[in-house]
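Some structures to go through are shown next.
The same chain A turns up in both complexes below, where it pairs with chain B and then with chain C.
And now, the complex of A and B:
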C-alpha cells in the first residue's frame, strides 16, 4: 500500500489517527469503510465514522477516552464473523478493530492456562499447543478465523459445548478497558472463583456493551486420550431426535452430538466439502465421543445399538482421523455452504428442550410455508441449540424483510416450546425485539440498569442486546441519559 | 465517512454493456458474488489480510467492494483500485471458502474495469506496455533479452556493475532480484526449432503438446529441458507448436483482458492438433484452464476454450495419472515442498508432486508449515507491490524448515521469489522444480548403467 497522508479535515479523524500512530492504522474513506458496514449478519448496514487499529491496551484506552470525552459513539470489532450484528456500527460508530492485537502472550501448561490478546484467532491457540497434548475447548464453527475477544463478547459456543461448556466456562481472567478509558483487571492471575460478584460471568457474553476486552486468560485442557466419530442417517426426523434423547438418557455424554436436516444436507453436499451423504434422508447425526481409551468402544457400541433401535438407515464409525476430519469440515462449514444453494441466508439461534425437536421442526416447516422461504436446520442436538437457516435472495424486493420475520417466527416457536432465543450467537441487533419473548419489561430494565453502571452514557455499542424502550419508564430514563450526555458535551 | 464525501447513490446507473457503476463490457459476474454470504471463513487464508488486518484487503471485503460498485454505492476510482490491485491473486480464499466463491475471477474482472476506467499513464504505462505487450508475447524479443542477460552474466559486466555501485541506480527490490537471476541457457524452442516431434525414448504411448512459456524458456530453459527429458523417458512424443505464445496470465492479472483474449486465441489455435497440453508453470496452467472465463460473452470462442482447457495438464499431474518409471538411482537429500498457489489453490494439485518426489530413492521430505501460503511472487506482484510482497515473503521464509537442502516447487515465479528469500534471509537452500529432481534421478541412473556397461 502506498504511503498516504490523512486526507481529511475532520479533527476527530486526525486526533484518532495521532493516537494509533498515523495513516496505516486508520480508515476513513468511504471505499475503505464499506467493508465494515456489517459483520456476519448482513441485514442491517451502516457506515462507521472511522476504523482504528490499536496495537496495545494503552492505545485502546486512549481511543476510548477520546471517544468518551468527545461524545463519539464507538464499538469493538474482531474478525467480524458474528451472526447477530453485534459489530455493526448502526450509530456511525468509530470501530476499534482489535485484529492487530493478535499475540499469544503466555502459555502456562503447568497451571493449564494461556494468555492471549483479543485479536488472537481461536483455532491458532489449539494449533500452537496441540503438539504438547493440549487444546482450547470452545470451538465455534468459525474457529478458523474468529477471534477469542469476539468469543468472549458473545460467549461463543460450538459443537463440543455439550460436554465441555461454552466460552464462559473457560475464561479465567480479563483485562478490560471500561467505557471511560479506565483499564481494569478481573480474575487476577487466573485464580478460579475469586470472592465477590462474578464479574467475569457478567462481562463474558455482554456483547461488547460493558467494556472492551484487551487481554484474556483462558483455560486449556489436556487432549482426550481417545476419540471416535459416528455418522448416522435417519429416514425420519422423529427417529433421529429420539435417538439423541436415548443416548443422553443412557448416561452417555458425547463430546458432540450434531444434527442436520434434509435442506442443510443439500447445502453442504453442494458446497466445498461434500462427503456423499444420501440426499433423501431426513436427518443426519454426527456424534463424537472422547475420553480415556478404556471403555470408549463400549460407548460406541451402545450408541450404535441405540441408533439401530430407532430405525437408523445407516450408521458408521469413522475409520481414521482423515475421515472424521472430512465429516467435521462438512458440518463446520455448514452455514457458509448455504451460499451454494441460496444467495443469502439468515441464521437463527434458538434453544429448545431436546424432546420437543420433532414438534418444533414441524412448526418451523409451517413458518417456512407461511413465508414462502426455505428453511434449513443445523442443530447442536445434544444441548438443544437449534439453528434454523432462512434462505432468501436480498435482490428480490421485500424478501429480506420477509426473512427477518420468518426468523423471528422461528424464535417464537422456540420460546413457546419452553426454550429461548439464543444459544450462542448473541442478541445483537437481530434478536433484540425478540428479547420480549423471554423477558418482561421490568426484567429488561433491570439489565439495562446494570449496563448503566459500566456504560452510563451508552456510547459503547448502543442499540444492541436490548429492545428499544417501549414503555414510559424507560423513555424517561433515556431522556435523562441524553440530557446528561448533552451536559457532558457542553463542558 | 467524513461529511464532505458524496452520499451513496440510491439507484445504479444503467448502461447497456456494464453493470451499475461498471461501465464497460465484461463486468464482474453477479452470480459470482451472489454465492458469498459474508461468513468470513476466508479471512485467515488471505496473506494481505494477515499483514494489514484490514477487511478491504481481505477476500470477503474485496468481494463486497466489487459488489458495491455494481450496486452503485461506489465508483471505480483510486480508493477502489488499491485493494483490488493489492490482491496477490493467490486463490487461497477459494480453497477456504465453504461456498466456492470464485474470488479470483471477480478480482480479474474488476481489474479489467479499472484498467478501462483509469488507463495507466506515464512511466507505469510505459513499463506495463514494454513488458506485457512489447515483450512477453514475442518469443524472439524475449530470446534477445535472454542473450543480453547471458552476455551480462558471462562477459564480466555483471561483476563490473555490482562492483562499481552502478547497480544502486535501481530501486532496492530490483537490486535484490538482479542478484538471484538464474544462469541463462539456450531456450528449448531455439534448440528444437527444426524438430517437428521430439521422439519418446522407446515405444511411444502418447503424443503431447508442450507449452514452453515466455519467461520460462528464457530464464529457466533447463527446467523445460528436464520436462522434455522426463516426458520422453516415460513414453511421450513431445510437440512444441511453433506459433504458441505467452499464456496471458500476467495480462489478465493486470486487468488487460483484451490482450489476454488475443493470446488465448493464439494458443487455442496453436495447440489445436494436440491431445494434451503439458505445462510446467503452475501460473500458466491455471490460466489456460480458465480460458473459458475470458470468453463468457463469445459463445463460439467459449466453446473452443472449454475444449482447450480440458486438454491442459500440469506436468506432475500428467505423470501421476499416466504413470511414470520410478527412478532407481538414489539422490540422498532432505527437501521440503512449497505449494505454488496456482497449483494447489488454482488447480487442486497437492499430493501428486509430493508423491513424485517421494518416489525418488533417498529423498526425504520435511513438512513445511503453511506450505500452501503464497510466497509473494504472484506473477509480477513482487515488482508492482514490493512492500507487500516483501512482507509476505518474510512470513513464508519463517516457515521454511532449517535443516533442508532444497525447496521444490512447480512454478517459475515462486522459484525466483523463493531464491530471493533464501538470499535475503541468509539461508542456503537450493531452489528446484519438481521435474528437475526427477530428471536428475533418471540421469544418475543412466550414468550408473553406462558405467556398468
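And now, the complex of A and C:
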C-alpha cells in the first residue's frame, strides 16, 4: 500500500506520524480533530494538536518519549465516554488514542483471568467468555462501547459493583508506559500482593495522569447459578430508602440495588425503553439478587416481606429474563432518557452514606428550588452513589451556568452529608474545584506529590483532577460554557 | 541512662508514665526502640514524628507486635512508637455498614463488637486476638477466605495517616464508593509503616453469614494431579466457596488428624444454599477421597485454630535450637499445587518440618518452616528459586533478626524500584519511619 504523504510542515506531526507508520495512523487536520475536542463531558472543548493511533506498546512508548523529549503535552484516550472531561486536550495535547490496541490477548479460565489491550471494549470481554459461563464484573452503562483501558483510568463502576466491586477490585496486573517513555509491569503475571507499594491500586483511577496503560490483566468470574430481579414502587421516598436499609441490614448483599425518583421515572417512561412504571409514584427500586439457586428464594421472599413492611404500593419479581432485561434497559439508559423531557441535562455523581438518603434528597430538592431547575435522581442506592440530573435548556441565556452551579451545589450537599464528590465518573476537569469540598490543601498536595514521582514534568494530562492553586480567574475561564447539547450520558 | 537527651526531649511531648526505656537484652526479632512511647492521640503522634524528623531520630512502629519478625534489619530504632493506646471504635454506622476505628484496636475485639450487630470485617487474619487492625492493614495480611471476600485493598475505604512531618492526611472517605482524587488508601495498605503512621481506619463491613460450613476433603493417595482436576471442577462449577485452600499433609494432620493432602472448602450463605453446595461436593468428590463436614461452631473452631499456626511475634520467646520462619508466597492460582509439591520435596530431603497451605482460587500460600538456622535459610532459598521460576515471589513474614540480616526478606527489587523509592523519598525524605523494613531496604 502506497503511503500518503503527510500534508503538514510541522516537524512534530511528521515525526509522530513516522513513529506510528504514517498518514493512516494520525489525524492533524482541523476538521478531523474536532471530533476529539471533548469526551462525554461536552461543556468544555479544546482542539488537540494531533491524534495518533499506535498499534502496540512499543509505539506508545516511542510516542511518549518523543512528546516528553520535545515538551509536547500529551494524553491517552479510549472510547471517549468519560463524563468528567479527563480526555479533553485542554492544553492542546497530542492525543494517544488506544482504540487500535483492542485485542483480547489471553483467556485463562482455570486461573480466572484474561489479558486485554487497553482499547478492548468492556462488554466484548464478557461476550467472549460467556459461553463458558464466565464474565467480567465491572459494568458501566457505557460498557457496549467503553474500553477497559478507560475503565482502569477512571476506576469505573456500574450497577453491579454493590456486590462485586468496582474496576480496582478486578485488576490483577498492568503494563504501563511511564511519562518518560519507560515501560513497566506491575502486578507481574497477575499475582496478588507483589512486593512493593501498591502501584496497581494507585494507577487505577488516576485518570490518566500517572502513566498510560498498555496491557491489563483482569480477574474474570464465574456467572452466578441463578439471578432474579425485583421491582418495587413506593409512594414515599423515605419508605423506599428505608426499605434499602432494611434489605442491607438483613444481611442480604444484592448484586444491584437501584433507585429512581419521580422525575427520573417520568424521563425513562418518555424515552426509548418505557416499561409502564406508574407516573404518580415517588420512588422505584430495582433489585437484583444472584447466587446459588437453592438459596435464592429465601432471599427473594425476605426482600418482598421487607418491602411490604415499608408500605410498598406494588412489588413484583420478573417472570422471565426478557422482563428483567426490559427493566434493566429502562434503568441503564436513564441518563440519556432525560433528553426526552428536557433539552439538556447535566449529570452529577455524588456519594453519600446510604442512611442519609432522605435528608440528602430533601436538600437536593431545595437546590432545585433555589436555581429554578428540575433535578431528577438516579441512585445506586445500595452503595450510596447518587446521580442527580440537572435538567436545563442551554438555549436560554445563563441557564447552562445555572445548571453547573446547581450541580456543584448537589455535590456540596453530598460532601456535607459525609460523602464525596464522585463515585465513578471521576474528577477530570469538571469537579476539580469541588475536590476542595472533601480535601484540605495538604491532602491535595499529598496527591500531587505522588503525581510528581511519576509525571515530574506534568506533560501527561496536565490540569486534571486537582484544583488549580490560583483559583478564581483561570477556573472561570475554563468553565465557559459552550452551547452544545450534551451527549447522551452513560453509566 | 541510655538516652538521656532523647528521654528529656520526649518528656516535653508526653508524660513520663507513657514512656518505657528498653532494658536488658535485644529482642530476638529486632525492630525495637531505645525508648517505647505510648501516645494516646494523633496530636501526640504528630509531635513525636515532627520531633524525630527534625532531630534525625529513627522510629519503629508497633501495634500488637505479631509481625515484629517481619522485615527490617535493625535491632533497635531510637523510638518504638506503640499504638496500644490508640484503641477503640470511633464510629460504627450500623445502617451504612461502615466502621471507623483507631488503628491500635485488636482485630478480634472489633469482630466481637460487630457480631452483636450481625456484621463483620471480611478479613481473616493471623492471631486476631493480638493483631491490631492497623497492623493488619500496614502488612496487608489476609487468609484463605480472601477468595470470597477480598483483602484489605477491598475492605478499607478511608484512613487517617500521620506523615513524618507531622501533617495529618485523610485518604478515601467514609463512603463505600469513591473515586475523588488518587486512591491513596492503596498506598498505605501493605506499606509496612514506611510512609506514615496509620492512626485511624474506616472499613466497609459485610453481614455475618446466616450459616457456614467447612467441607474437608482428604486425599489419601496424595495425587496432586487428581486434586488439581477436582479443584478445577469446583472452580468451574456454580459453587461459591469463600475458601478453597489446600493443606499439606503435616498441616492437615495438625488440624484434622489426617496426614493427607486436604482441601478445606468453606461455604457461607443461607442454610439451604450451604447444604446444597455441601451435597454437590459430596456428589463430585473423587472416589478415594474422604469427606468431613464441619458445620457452624465446628467450622469456626477449625478456623480459630488455623489462624494460630503461624509464629506470633508477640509471643514469649523461647530459647530453643529450633528456628521458625513464616513465608508468604504468591503464584498464579493453580501453581499453589506446585508450591506444595516443592514443599514436599524439600521436607522429604531435609531435616525440617513444614506446615503449608495455599488458596487455589487466589494463589497465595503461607509456609511455616521449622528447623536449624542453616536448614531454614537453605529452605527459604530453595523455595525462592523454585517459586521465582514459576514467576512468583517469596516474602519472609517472620524470622529472627540475625537470620533476616542474612537474606533478602522481600526478594529481588522490582525493575520499577525507582518509583517505590521516589514515593518513599517524597513522603519520608529523612527516612525516619520503619527504616529498612520494606522492599529494597526502603
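Note that the second predicted complex is superposed on the first by the 464 of 491 C-alpha atoms of A that agree within 3 Å, B and C clash if a C-alpha of one lies under 4 Å from a C-alpha of the other, contacts with A are read in each partner's own complex, and residues count from 1 in each chain.
Operating definition for what follows: a residue touches a chain if its C-beta (ideal position, glycine included) is under 8 Å from a C-beta of that chain, and two chains touch if they have at least 3 such contacts.
This is a predicted model, so every value here is computed, not measured.
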Query = Between chain B and chain C, positioned on chain A by superposition, is the outcome a clash or a fit?
reply = fit
Request  = Scan A:205 for contacts with chain B and chain C and give back first, second, both or neither.
outcome  = second
Request  = Would you sort A:159 into first (chain B), second (chain C), both or neither based on which partner it touches?
outcome  = neither
Ask   = Who does A:119 touch here: chain B (first), chain C (second), both, or neither?
value = first
Inquiry  = After the superposition on A, what does A:26 contact: first (chain B), second (chain C), both or neither?
reply    = neither
Task = Please indicate which partner A:251 is in contact with in the superposed arrangement: first for chain B, second for chain C, both, or neither.
result = second
Request  = Compare chain B and chain C by how many residues of chain A each one touches, and report the one with more.
outcome  = C
Request  = Once the structures are superposed on A, label A:450 by its partner contacts, choosing first (chain B), second (chain C), both or neither.
outcome  = second
Task = In the superposition described above, what is the shortest C-alpha distance between chain B and chain C in Å? Please give a whole number.
result = 20
Chain A contact footprint on chain B (complex, rising order) = 1-5, 8, 34-44, 52-58, 60-61, 64-65, 68, 73-74, 77, 79-80, 82-83, 86, 96-101, 387-388
Inquiry  = Help me check something: in the complex, which residues belonging to chain A touch chain C?
reply    = 109-112, 133, 154-155, 157, 161, 165-166, 168-169, 184-186, 188-202, 204-206, 222-225, 245, 248-253, 291-296, 298-299, 351-355, 380, 383-385, 418-427, 431, 435, 438-440, 442-444, 446-447, 449-454, 465-466
Ask   = Which residues of chain A touch chain B in the complex?
value = 1-2, 8-10, 13, 27-36, 38-40, 42, 47, 49, 51, 53, 79-81, 92, 97, 99-100, 102, 119, 121, 142, 144-146, 271-273, 333-340, 343-345, 395
Ask   = In their shared complex, at which residues does chain C touch chain A?
value = 93-98, 118, 140, 142, 150-151, 153-154, 163, 167-171, 173-187, 189-191, 195, 206-210, 232, 235-240, 269-270, 272-277, 328, 330-334, 361-364, 391-393, 395, 410-411, 414-417, 419-420, 422-423, 426-427, 439
